[in-house]
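Before I ask anything, here is the structure I am working with.
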Amino acid sequence: MSSAREEILGRIHAATRDVPESEKADDVAVTRSYRQRHEASRDELVELFAERVADYRATVHHVRRASVADVVAEVCEARGATRMVAPADLPTEWRPSDGVEVIADENLSHEQLDGIDGVITGCAVGIAETGTIVLDGGPRQGRRAISLLPDYHLCLVEADQVVGGMPEAVSVLVDGVRSAGRPVTFISGPSATSDIELDRVEGVHGPRTLEVLIVGADPRTTAS
Amino acid sequence: MSGPSPSFPESARVALANTQLRRNMGYATQTIRAKRALVVDELPDWEELRETGRAIKESVLRHLDEHLEALEQSVTRAGGQVHWARDADEANRIIAGIVSGHGATEIAKVKSITSDEIKLNEALAARGIEAIETDLAELIIQLDGDESSHFLVPAIHRNRAEIREIFLEHLDVDELSDDPRELAEAARLHLREKFLSARVGVSGANFAIAETGSVLVVESEGNGRMCTTLPPVLISLMGIEKVLPTFQDLEVFLQLLPRSSTGERMNPYTSVWTGTSEGDGPQEFHLVLLDNGRTAVLRDEIGRQTLNCIRCSACLNVCPVYSRTGGHAYNSVYPGPIGAILTPQLVGIHAAESLPYASTLCGACYEVCPVKINIPEVLVHLRGKVVRHKQAEHSGWRARLDPEAAAMAAMARVFSSRARYERAQRLARLGQAPLARRGPISHLPGGLMSGWTAMRDLKALPQRTFREWWVERDGSRADA
Amino acid sequence: MRVALFITCFNDTLFPDTGRAVVRLLERLGHEVEFPLDQTCCGQMHFNTGYQVEAIPLARRFVRTFAGYDAIVSPSGSCAAMVRDYYGRLGEIAVEEQGDTALAEQVAQVAPRVFELSELLVGQLGVEDVGAYYPHRVTYHPTCHSLRLLKVGEAPLKLLRAVRGIDLVELPEAEECCGFGGTFAIKNADTSMAMLSDKLRHVLDTRAEVCTAGDNSCLMHIGGALSRQRSGVRTVHLAEILAATEDDARV
C-alpha cells in the first residue's frame, strides 16, 4: 500500500510540474525590502514600548534598578496579591521586599497554579512597535504554565531588552528555538476577546491583568 | 453532507431578509475594517511586507514537497510525530485513534477552521469522543448548535442578548446580564475545569516552520495557550500549505496577520512550540498534515495563489457582498471572497458553481489581502471553469437551450461583425418600442432581466446611436 | 497625437451623449479624435461571466481595429481596464487553447495605450482645467474598476475641482461598490439591490443634484434606482460635465 505520505508527496510533485526540475527550493529569491531595524534611541524605544503596552490596557511602570523589590511589593499589594509564583531563578533583587509570599515553581500542579494569585517573571525580549513581551522559557521566565494559569501576570523587562520591531525580536529568539527548541510565547496585553459584538473584554482564559515593570529605564520616573 | 447545498443567491435572499443579521454584520465589518486601516497605515513598509509575504508563499508552493519533508524531519527531531492525511476521513481517523489510544473521551479544542473543514467534532462524536470548543465564540456556536459565519468572530451574527439566552440555557448559571464582561466570565468559569482535566488538547496551526519544526497558534483569549500547554498530549491539525521555510519568515507573517485580521498591532497571544520540551507543556505531540483537495488547487497555475491564504479574514470584512449577506449564505466552511475561490477548488467546481459569481469583482479583497491573492483574477478564472464544465456536460443542442449560454453565443456573434452589430442596434430600438412608451422602462416581463427592474428603471434606448451621429457628422463635415 | 475613441458598445447604443461629450471636449482642447467604425465590444461581459474563449475573437477584433493609434481613450473605466489589465490573460488563453501567439503580441502593443478619459486628460495630456462650466451640486462615485484596476486615483476629482460653478460634495463611503458588477446585478439581484440601496442613501445624503462617475454602467444602475424613487437626482457621466461650457448654460 502506498502510504498517505508518499501519495501526497507524489500529488504535489505532479501538481508542480510547471516548476523546472533544476529549480531548488533555495533558488527562489525572496526580496526583503521591509524595515529590518528601527532607527531610534534606546530612550525612544523604551518610551514607545511603554506607550504601546499601555494601549492594550496593561499597566506599565518605569522602575529604577535599586527600587525593584519595593515596587514589586507595592504593585502586588495594590492588586491584593499575597501569594505569587515565580521561576526558581528569579533574581533576589526582583523579589518583593515584604508582604508577599513568593512560591518557587518546583513542579507545582496545574491545580496549585490555578489557586495562586499571580506570577512574577522576566522575559526574553520586548517589542516596542507592538507593545509585546516575549517569553521563551529562558532565564527568569520559567515554564509556560506558570504565566498562564494565575490571573495576574507581573512581568519585568530590562530596558535593554526592548527592541524596535518584529524582525529584531525574531533575531533575538531564533537561536534558542534552533538550538534548544525553546517554546516561545508572544504576549501583547492581557487576555482579551472581542467575540461579543466586538466589544473588547479583558480576560477570558489567560491572565486578566498584565502589569509590566520596565527596569532601569528612565531615571526621571518611578512607579507612582 | 447530504444533497447539494442551496445556491448563493438563494441563501443570500434569506440572509438579506434578516434585518437583525444585516445590522450585526454591517456594524461588525465596518468596525474591524476601520481598525485594520488604522494599524496598517501606521506601518511605512506595509507594501513591502505584503510583497515579501506573497513571495515567501509562492516559493513555498513551488517546492511544497521539499518543505514538508523538511518539516517532518524537524518535528520528529524535536520529539513530535508527523502524520499524513490524504482527506478528511483519514485525518479524523488519525486524530480519533490518538485520542482513543490514551483512553480519553473528551478533548479541549482551540478554534481551527481546518477542523471544521474535516468535520472533526462530528467524527469524534461518532466515536464517543466529545470535543469541547474553548473559544468564546465557538462555545456560543457549539452550545447553540449553530455554524460559524466568520473566521475570527464566528459568532459575529449574534448579539449580546442572544448570547445571554444561549448561556442561560446551557451553562450552569442562574443569573446573567448581557454585559460582555459577565458573559465572558461565565465562559471562563465553565471552561477552566475543562482545561485542567483535559488529557488531550487539539489545535489548528497558523504556521509551521520547516527549518525548526516549530508550530504556531495565533489567538486572543488564552484558550490556545491552555490547549497547547496544559494537556499532556497535543494534536495539531494543519493544511499542507501552512508550512513556512524558516523561523525568520515569522517576522513577516507576525506583522501581516494580526493587523489584517483583528486590526491590532499584535494579537494578545501567539504560542510557538517546537516538538516537546522536557518539563514544560505536553510531553507528546502529534502534527497531522492534511491534503483534502489542496494538491488539486496547487495543480492550477492561476488557482494556486489561493493557497497563499493565511486566513486573516481581511477580505471578508471589506467585501461588499459578505458584509451584507454574512457567512452562512456561502454554504461553505470558508465564507466571503476567499471562500468563493477556495471552496469550489477544494470540493470541485460542480459542487459550488454559484460561489465564483458571488462577487461584483470590485477588487476590494485583493487590495487588502496581506499575501496579495488576486481574488478577482481567480474568480474570473473559476467562472471560466464553471462555464466549460456546463458546456461539457450539456454538449450539443442542450447547451444551446441554456438561456445564458445562448445569449452569450448570440452576442458574441453580433459583436463579431460591424454589420451585424449595427443591425442589432437598430432592431433593439424597434423591439423596445412597446415597452418604453416615451420614458424609462419600469417593468420588464419575466426572465433574465426582471431582477433589474424590481428596483431600477431601465433607460430607454436613445433615438440615435453614437456611431450614427458620428457618421452623419463626418458626412456633413466632408460636405462643408 | 492620434487619439482614437473607444466608445464601448454600451455607450454607443445607450449613451451616445457621453461619446459626443468626449469628442467635443477633446476637440475643444485642440486634439483630433478619430472613431474607427469597426469597433464593437471589448468582450468584458463575456470574459467576466466565464465565457473567456468566446471573448477571444472580440479581443482580436479590438487590437486590429485600434492598432496604430498613439492613444485610445474610453469613457468607461471598466472597459478600459478590461483591455489594459485582462487582455493579457486572453492572450494566454489563446495560446493555451488555440496555439495562437499573435494575439498576445498584439495585446502587448495596443493595451498599454488604452486610457480612461480622466487618465488621458490628467496623466497623458497634463490638463486639469478643461475650461468647463457646470453650475450644479455634484457628487462623484469612484467606480471600482477605475479605482482598483486602472488606479486613476485623484484624476477625476482634480478635473472636477477645476470646473467653474461646480459645487462638488464628497460622497460618504465613496469607495464602496455600488453593486452593479455586470451580470452580478442579474444573477445576484437581491445582494445587488442591498448594495445599491446603501449607495443611494449616501448619494441622497449629499443633497447633490447630480451623481457623476467615469462609467455609465454603474451610473445606469444607480440612476435607474434614483429615477424609480423619483428622487430628483440625476446621473451624468464625467465627460458630459467636463464638456459643458458657459455657452451651453446660456442655451
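For clarity, chains are labelled A, B and C in written order, and residue numbers in each chain start from 1.
To be clear about the criterion, a residue touches a chain if its C-beta (ideal position, glycine included) is under 8 Å from a C-beta of that chain, and two chains touch if they have at least 3 such contacts.
Computed from a predicted structure; not experimentally measured.
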{"item": "Minimum number of chain-to-chain contact steps, subunit A to subunit C", "value": "2"}
{"item": "Between B-C and A-B, the pair with more C-beta contacts", "value": "A-B"}
{"item": "Separation of mean Cα positions, subunit C and subunit A [Å, integer]", "value": "52"}
{"item": "Distance from the mean Cα position of subunit C to that of subunit B, given in whole angstrom", "value": "31"}
{"item": "Subunit B-touching residues of subunit A, taken from the complex the two chains share", "value": "3-5, 7-9, 11-16, 18-19, 23-25, 28-35, 52, 55-56, 107, 110-111, 114, 127, 129-132, 137, 143-145, 148, 165-167, 169-171, 173-174, 177-178, 181-199, 201, 203-207"}
{"item": "Residue numbers on subunit B that touch subunit C, as the complex places them", "value": "8-9, 12-13, 16, 22, 320-321, 324-325, 356-364, 366-367, 377, 380, 383-388, 404-405, 408-409, 411-412, 414-418, 421, 425, 428, 440, 442, 448-449, 451-452, 454-459, 461-462, 464-471"}
{"item": "Contact footprint of subunit B on subunit C as seen in their complex", "value": "7, 9, 11-17, 19-20, 23, 35, 37-38, 40-41, 43, 45-55, 57-58, 61, 86, 89, 144-145, 147-149, 175-177, 179-197, 220-221, 223-225, 227-228"}
{"item": "For the subunit B and subunit A complex, residues of the former touching the latter", "value": "24, 27-28, 31-32, 44-45, 48-49, 51-52, 55-56, 58-59, 61-69, 78-79, 83-86, 90, 134-137, 140, 153-156, 159-160, 163, 180-181, 183-184, 187-188, 191-192, 195-196, 211-214, 220-223, 225-226, 229-230, 240, 245, 247-248, 250-252, 254-255, 262, 264-275, 277, 279-281, 289, 291, 295-296, 298-299, 301"}
